[in-house]
Amino acid sequence: MTRQPSRAVLRQPRHLLVAAAVAASLLTVSACSGSSDEGGSDGSTDAYGFDAVEQDPSAPITVWVDASRQPAVDAFEEANPDVKLNVETYDGGADGSGSFQTKIEAFNQAGSGWPDVVFSTQNNDAAWASQGTEPFAAPVDKGLFDSSFLDGFTEGALAPLTVDGTVYGLRNDLAPTVAWYDKSLMDQFGYTPPTTWEEYEALGTTVATEHPGYIVGAIGDSWTPEVYFWGGQAPMNTVTGADEFSADASDPKTVAMAEVLDGLNDAGVLAQESVFSPEFLQKHAGKVLMLPGPVWYSGALFQNADSLNAAPGTMTAGVPLSWDGEDPAAGNVGGGTWFVSQHSANLEAAKEFLTFVTSDDRYQVDLAPGLPAYSAAADKWLAKQAEANFFTSDFVDNVGTAATMVWDGWGYPRFSQESVWAKAVTPELAGGESLVDLLPTWETALKNEAQANGYKVS
Amino acid sequence: MTPGAWLGRVAMIVVAVFFVQFFVIPIVWLLLASTKSPHDLITTGPFTAGSFSDLAANWNALVTFQDGIVFRWLGNSTYYSLAALVITLVTTVPAGYALALSSFRGRHLLLTTTLVVMLIPNTALVLPIFLELSTVGLIGKPLAAILPFSFFPFGVYLTYIYFSTSVPRDLLDAARIDGCGELAVFLRVAMPLATPVIALVGFFSFVANWNNFFLPFLTVPGKGSPIQVGLTDLLSNVPSFNPTAAGVTAIELPTLAVATLLSVLPVLLIFLFSQRFLVAGLTAGGTKE
Amino acid sequence: MGRTRSSTSRHRISYVFVSGYVLLALAFGVLPTLYAVRMSFTTSEGTFSGVENFSRVIDDFRFWPAVQHVAAFVAIWLVALLVLVTVLALLVHQIGVRWLSSGVRFVYYIPGALAGASAVVLWLFVLDPTVSPVSGVLHAFGFDSFVQTISPGNLPVIFAVMAFWTGAGGWIVVMYGALNSIPHEVLEAARIDGAGVVRTALHIQLPMLRKWISYMAIISLAAGTQLFVEPRVLSQASHGVVPNDYSLNQLAYLFAFKQQDLNGSAAIAVMLLVVSLSLSVFFVVRGGLFERD
């Protein structure tokens, strides 16, 4: 029955020994001959920092994107009609569904079928994609891309993709959280945009009595923890060393943030629905006074005819909120990431594609809904926003500032904060429980998940 | 009629009608939903029909999705289901025949095993089969769906029942006396008599294979997906159910309705056109005592 | 003499007749079972590890919640099946008009065509108040959004309703068939004795259905423990509010595909298999439904 040795078999020690022996003999041979051609593969270990399969410059590449990234693919195809792409859309791993990882693992089992390029909405995929006997993600800084290109990314943009000093993918966009607000409504109501969480809570309670029906935030999405708790510097996602995780729900900042949200929730000024749901639009369109959230809300919600469709010159982004007397900090919601497969037979095409979608003006400046991670593109994107003046006030400055403020106390573990929040907190919250009461549940759920994923929990 | 009996009768009618609605409303709604535009789906009443142009628009949205991958999924489903059906029939009918009409060493064991395995839900063996196929490197190949599908103990049970109750041994013996060899007896005498049960086994096997989700989900990932698995891929492009799908190439709800309809159409048609035969078949196991 | 020879050759050719089926049964029934058992008792390196895999899986924080979820669903579903299928079968059997009776049976049966993911996707629509054909009913229960409808407390009921919708019709038809096998004279005699519909049902028809009802219960119990596609699709459609580790099979899937722990996955599969297998063996040995041989 054993027609082909599979990975499961290879893991067994006898076979491991054989594999090790073969590898060792290959090493000796290549050391003697002074060439690394013995591997039989065209793109050798030296060229890319991993064992590439035999390359075929005319092979079509399979690209996985979420539906929102389709324009990036279209722009690339228009610019490079000679590169053949097979495009497949998937959920992009949204809400921590884990579909990227589970699909890849299925192909690992099959021993074939991997996509060449994958877009993920999550920023923690490098944690697993760089690991294993057959890691999926190709290192990008070991020969695949020039360091001059990689240096072009905004400082820190590649941090979520860096594991043990090696970079395993490219960042699509930066996603710091900002304090979105409707300037015209603020003026009309005579309010000053808050700069601290304390002022934010006070504003919310005032709005509830003076202008009921208007909202100052939303807690229906699974990235609520990144917006509020990451931004509020609550230590709920601390990754130390390779395998240590901690979450502290009794930290004063965690509790304070939960109290702010409970207060606002009781006042009825937080939307319970996902900002992408039809219900959200039905209930709150035109009544969004404030909405702390990632920069990409710009193109995804406000400047989007199918969503909130704000009038030009009304919305703007305030700098991230701070605690009274402290420095402000930003949370971070995703910021998409691009990966190249180690199994790709056309790494050059994959490289060309990634270069285009992360840095080319024709996508990142002209079409992208959020702040590009590639700094030259980011500058132009911001300049374009300044010129269009759709977002008013100090939008450009504030977004630029926020990008430098992402709090480094949150890590990028192998599991998804979003999926834990969705299953442990969202339903209870919808059922009327207070967030303060739910904090221990949340902490336990996070620690359990961390433990199941091999972290030592403290 | 006494008032009590009258009330009882009314209660019975109410219950029967309620359940007719329960079973039928979702299907009727699905048919109607596929003819509406996304906007109409939310704004108009659930039981109003849309228009042919909207149906056409939904259809177009579905078939242009990823260059018509839906046809690939349907093709995969058809291939897996039919190939497995053939293997099932070729292995099942002779097995049921032998179990029913001759005694050989191991017959009782085989019969008991068949009964036991038949009562185990087919999902229970999916992970073990996946682990096994993974070890022999078959994952991702069409055979990884077809071969497990082909193992269909319920079919053996049905043919066994049929041959032991509906085919007179005398007839077979008569053929033997006429000088027919065992193979000829089976092929020329037993097989023609077995047409009803062959159709029945074929039906159950096809439906079970077509609707199977868990096994192909694990054993033939990616491009090898059948429509049932493809449908859930489609689902992740529906904005209402997935936030980041709020993009340009989103699948709208009515399009998903069309896809759902398409995914069940073959089975639904078989159901509609073979109703009498099916109902008779379903009861066969029980009433032929 | 000739007779003996022919019957020997008949028995010999039987092996040929059953060979294909036996091969498939070995390859996709026996072997995977043995292989899963072996994996569940070994490490990923293949060395014997005792019950280590089992204890790791059982100690996993997701295990007992998954057991509870599945148990709650199975309990509700079984009660619904036992009560409603019996009542509906008796009811349909009461309908005197032939075409009406068969028509009603067919309508009950038709959702059986929708199984797997298709049925779940259809039910996503039904459960979403914005598009549901029964949005009035949902609102009456206080469910104004999809997330409210699928709140954790409702899930066992929702899965039970979904499973009942697809599966009940088939059982109703089976029960109806069993009812038909009761000789007409028996029922007629009961009627002449003055037994009402209810008494006839309780004292004559139900006892006749007993075997079939227990058959249904056993099969459904075993099938219910296998819950997978329903919570999986709901999880996908609810932004993860329905967890992706709701049921035991989902957990086994996560062990294999997310944690790359095939041995842990095998341990869960073996536990589920033991449940199904014991129910099945118990029924085959004790049930009496298959006493033919």
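Here are a few things to note about the model shown:
Should a chain be cited, it is by its letter among A, B and C, assigned in written order, with residues numbered from 1 in that chain.
The rule is simple: contacts are C-beta pairs under 8 Å (C-beta built on N, C-alpha and C of every residue); 3 or more make two chains touch, one makes a residue touch a chain.
If you're wondering where the values come from, they're calculated on a predicted model, not measured in any experiment.
When every pair of chains is scored by its C-beta contact pairs, the maximum goes to B-C.
The greatest centre-to-centre gap from subunit B, using C-alpha centroids, is found for A. Between subunit A and subunit B the centroid-to-centroid distance comes to 40 Å (mean Cα coordinates, whole Å).
Averaged Cα coordinates give subunit B a centre that lies 15 Å from the centre of subunit C. Residue positions of subunit A touching 2 or more other chains: 8, 91, 94-95, 97, 106, 221, 274, 277-278.
Counting only residues that touch two or more partner chains, subunit B has 42, 130-131, 134-135, 218, 236, 240, 242-243.
Chain contacts: subunit C has residues 130, 236, 238-239, 253, 256, 262 touching two or more partner chains.
Listing the residues of subunit B that touch subunit A in their complex gives 42, 66, 69, 130-131, 134-140, 218, 221-224, 233, 236-237, 239-240, 242-250.
Chain contact summary for the complex, subunit A toward subunit B: residues 1-9, 66-71, 87-92, 94-95, 97, 99, 103, 106-107, 109-113, 121, 221, 274-278, 300, 304, 306-307. Put simply, subunit B touches subunit C in their complex at residues 5, 8, 12, 15-16, 19-20, 22-30, 33, 41-42, 46-47, 87, 90-92, 94-95, 97-99, 102-105, 107-108, 110-117, 119-121, 123-125, 127-132, 134-135, 147-148, 150-151, 153, 156, 161, 164, 176, 182-183, 186, 207, 211-214, 218, 228-229, 231-232, 235-236, 238, 240-243, 253, 256-257, 260, 263-264, 267-268, 270-271, 275-276, 278-279, 282-283, 285-287, 289. For subunit C in complex with subunit B, the residues that touch the partner chain are 6-7, 9-18, 20-25, 27-29, 31-33, 35-36, 39, 84, 87-88, 91-92, 94-95, 102, 104-118, 121-126, 128, 130-135, 146, 165, 169-170, 173-174, 176-178, 180-181, 196-198, 212, 218-219, 222-223, 225-226, 228-229, 232-233, 236-239, 249, 252-253, 256, 262, 265-266, 268-270, 272-273, 276-277, 279-281, 283-284, 290, 292-293.
Listing the residues of subunit C that touch subunit A in their complex gives 44-47, 60-62, 130, 145, 147-148, 151-152, 235-236, 238-244, 253-254, 256-260, 262.
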